[in-house]
């Protein structure tokens, strides 16, 4: 993984840029979250081949909170099919706070599965055999690629202060949207929110959505490509609450944030991304997390409506002359293509004879993502005297 | 253009499928639209090289109505920059009807530029030198690639019945969002809605957004790539009013509809698409237009969150043996790649000697879009005895 | 009570007028109410001296439902004082349905104590010593002047289907408006709604509010004059939900309806009125009940903003000449004054010698309520040959 | 009018109590009002016999603003009848600000005639023959009992900044609630708001509503008793915007405020009341005006749901013994009855012989309004040695 160093160093640079920001505060309405350490900062990215590159406090655990919602939605859609889920939950942005007490006038459907009311309605669709909590924990674990656990203290804290969610659940019950076991459903929802993850886990979970439901680390097809696309579509319109339109304009990534400070973002077919920083802005999104994702989207060209192919790999032609190995790049270099170029350089450097110099010819690139180019040059520089650029 | 026949015939098939649908009625609130012929049906698509393929009543003119909104937005963003426009208009879906009388409580901003209030605020940002109406007509014409005209009868009808829009304009004025020339602004807005277009014009206009602001027919860079991406992002969140979330889920195409029965849709980097059929559903969208676009998205794999690259072209290797030309496709065939394969087949057929047969080898395709494959086979079949498939 | 016959016959006439109306249906959302007999029809009025005049099915019992709300409000105001109650519940009409899930954004206060959310918050203010249910039943009984009971079947039915009210209660709890015993509070509320009353009971309860908190039958001062005035004021602005403004315009009586078909109305200082008929209009008010009260208000001049004093009693001068007793009325005769005139006529008729005729001289009345006059003439006619009018 | 001195001195005392309050500021959104002198303070009351008692700056003129609304409503109801007016304007409190842009979804009716939208719809109902402005000015003048005038500067200021009202008018037009002469209607509305009045004028106008449509000063029956009752009912539910319920609870007087600092209140059958002080609270009501009316209502027992008859006059028995005139009060003394007692004392004092003392016997009063008693004692004290109380 030495060849990932250039990308890792780009990440560290991004983390350093936002680290001094200390505005916002941790979520106050759940006692266990209110007293959380506000300072950790982390990010992680997973590419198509399952390599996870992390930075900062990427081993720190925290509770998943609302980020669980799209994944439990994927579970419900797998079990019941899209149309059956849509009979109980809408897919329109609500224009209201995440915990709004409002349902569609005639159907009683919550606005979408990513606000609390809709998430509770989604949890209610999870099979209770053998045990609803078990089924949810298993699927979240499959998305993450390792067995996850519930933080029992946070769970108890959520349950002790969760009267607004109970109100939502009884309201759903009164419209017949959920079954009679209101208490059981709400407690399952609190447990689902209390699952412990790291930002690396979240990157893998996001990656599983980005790569059509297939976990890029374990190779397991967790949900179908169709379900993954549906979930990504819904994250795109509703994932950032009443900031969703501006988010899509500025950042252009389907995403979902949680009140403990995490955010996941999906770059379809390219990356799963996750960030973590507990201080929240007034909308309830991680302040530094938002800034990191905006920076990543801009620098690495990840906006879904960018015309340039972020995963573009140039053609690489290697020619050997005495004392010199020439590596010529031709075509387009997207950010997602950097990994491929770095791997090639790495391999050549390992096999080069002593004294052989390596010349990189980028003059024929029709277009190069600046961050990708920076990573490639960084790798070249690491070769010391042996590396040289022709441009 | 003979080689486009297979695609054209796919379009005709789609048109035939929806033609019998006669539910819905023409817009009733503008007298000139209420009496319009409800029966025309048309569609058109523009690819990256500016070929426009149309079907049905694709030469019929109608007024552009709300479809003008994203294009005038592009004009305003070009003149003032994104942030300046956002100071006056939001970018969140409103969760309300297109003609809702509601502005952001504190700023007085309309919810987004694609509802009437936001569109009027956008029109007010157009320079009045030499003449606001002229500037708008010119930019719409640049998007369409030909000089457009206003239907003066429809304009007068709109103006005579436009009191709700006048109410919106005075409300905007009372918040200082627009300048004092309220009457002039509203009349410009009515004129902009009354510009005459065909479905072919709309396909080129949508294509100009799809290809980064560059008109694929005239080659003119009408707006910057950045502005085009912003407009496409906003169409994606707000283009289909309070149906936008479900539209993104099911169809997955940034789009905008108009009350005269047109809809434009953007397949980024691949196509501009337009449909036309005047009968509207209760939400005010063209009934058959919606069905056509859903069909196109599904059959041609155009959903923006589809993982497969819709524009994927296979590598084509042509080898000649005595009496036989072998055309081998390798890699992935997206719908957008079909045009390239058809062009190749076309060229080979023209240059083939008499008696030479043409063998298409698709056995090495890793993935093929079904509609693309259908078009290719259709072209092969048109060669009669000379064509043969190896699969 | 024979002298009340004329008034009783006016009531029977009013009941006969509305009896044929059969539009509307019984409340469907509580199973026990849905199957109630829809046909009973009754009314009752209580005057200042505690005489209850009833008509129709005035001995039939039904559950009090929302009519309990103003009386439990009176209890809470008595215990805590007006300001303390207002800290938890507003007094503005909500402009929303009675079971709306909406609280004041910052305080979490329900709009007013006569919608469900506000009534639950009010019930929560009742002391739990010795037992909340007991305290409520005792005060409702004091208002009615007899010991009331709960219908246990209806209570169980309400509890079994009361999830929307549970949602409201948990929402109130989440804002700290009610204490932690959410389940206990909601069950008390269901029991309070299930108390059995007759229309005669309701007339006495309304009368207790009309006469400054003093039960006109038992003479008990149930609540203070100040509390009674407050409750009547709140009924006036909020008692008929989003029909309150039109109700005050047309009928002009502070009132409160219940879903089982009862309505109470207060004519300050004059009458307590109650009607009962289970079929409800789309707003949830008794169809025939509304019609009866409109008729009473108009015919008997009960509108609170009528300038004429509804309780005006004329001066009565009785002079005896041989064979003739002259009864002269001077001044104003309001509807509330009829009882006094009737009592006088009754007494004179009883003490008149055989053969003595009774001459009523109404020529000096400056103003006479038509219904009051009708009742007086009816009483005179009952005297047969002995009675005569001089006008 | 010397005998009114005691009441006048009570008023001066009330004015002195609130005079030091200087919170709030003048209305800022109309330039001419923003620069108004914020300091004037005045009140006036008119009784049934047309005596106007004023205090403070009661000769100062200011523009009537929204206080014109109930009077133009009375005009419209007179011309068209209640039901015809109700077809175009509702009578429910809106739960929204006075200048809210919202109409009933299906009918397009404004919530009520006392919010701006409803007032414009009402002004549109005024006949245009000979001239709408003339008709309105005439009726306002009839209510006031003298010829009123428009402040042309304020009118121009309102018109120059009235775009929100223009928005409302075009919205009403778009629903067909008002006719096509939108500009004319709005200008008439601005003129109606710019009529100059004193607080004494307003007291007479309120008095005309209080006494069944009959101007107590001129004796003219300006509108029918029925229309006056309807207007008072609507003021009662909607007159104080989203403070109406609490106002009815605390003050209990149908009222209407204006943005220039005036408020009128109606004590049915007893008084017309008006106050004036330009500094407004955040709801847009005169800060000191509200306090004055609360004080008047409480001290003088004017709450409409007070059981005691505010206009109650005791029976007065005058007996003369040598050197002493005994005045015995028997029954109830309401605030409205004070004037009668004072007049009697006045007359006796004038006709008393030198050396004769006047003994007031209040020992038989069953109830006395404290302020009324204070006024009576004040008058007695003014007699010096000659006056004496027996209680």
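When the chains are written out, they are named A, B, C and D in that same order, and each has its own residue count from 1.
Just so it is clear, contacts are C-beta pairs under 8 Å (C-beta built on N, C-alpha and C of every residue); 3 or more make two chains touch, one makes a residue touch a chain.
Every value quoted in this text rests on a predicted model; they were computed, and no experiment measured them.
Colleague: Counting one step per pair of touching chains, how far is subunit C from subunit B at the shortest?
Modeller: Minimum number of steps from subunit B to subunit C: 2.
Colleague: Subunit A to subunit D: how many Å between their CA centres?
Modeller: Their C-alpha centroids are separated by 65 Å.
Colleague: Which integer distance in Å separates the CA centroid of subunit C from that of subunit D?
Modeller: Roughly 31 Å, centre to centre.
Colleague: On subunit C, where are the residues touching two or more other chains?
Modeller: Not one residue of subunit C touches more than one other chain, so the list is empty.
Colleague: Given which chains touch which, is the overall layout a line, a ring, a star, complete, or other?
Modeller: ring
Colleague: Report the residues of subunit D in contact with subunit B in the complex, numbered from low to high.
Modeller: So the residues of subunit D in touch with subunit B come to 101-102, 163-164, 166-171, 173-174, 182.
Colleague: Can you check the complex and tell me which residues of subunit B touch subunit A?
Modeller: Spelled out, the residues of subunit B in touch with subunit A are 90-95, 112, 211-212, 225, 229-230, 232-234, 236-238, 242-246, 248-249, 252, 254, 268-269, 303-307.
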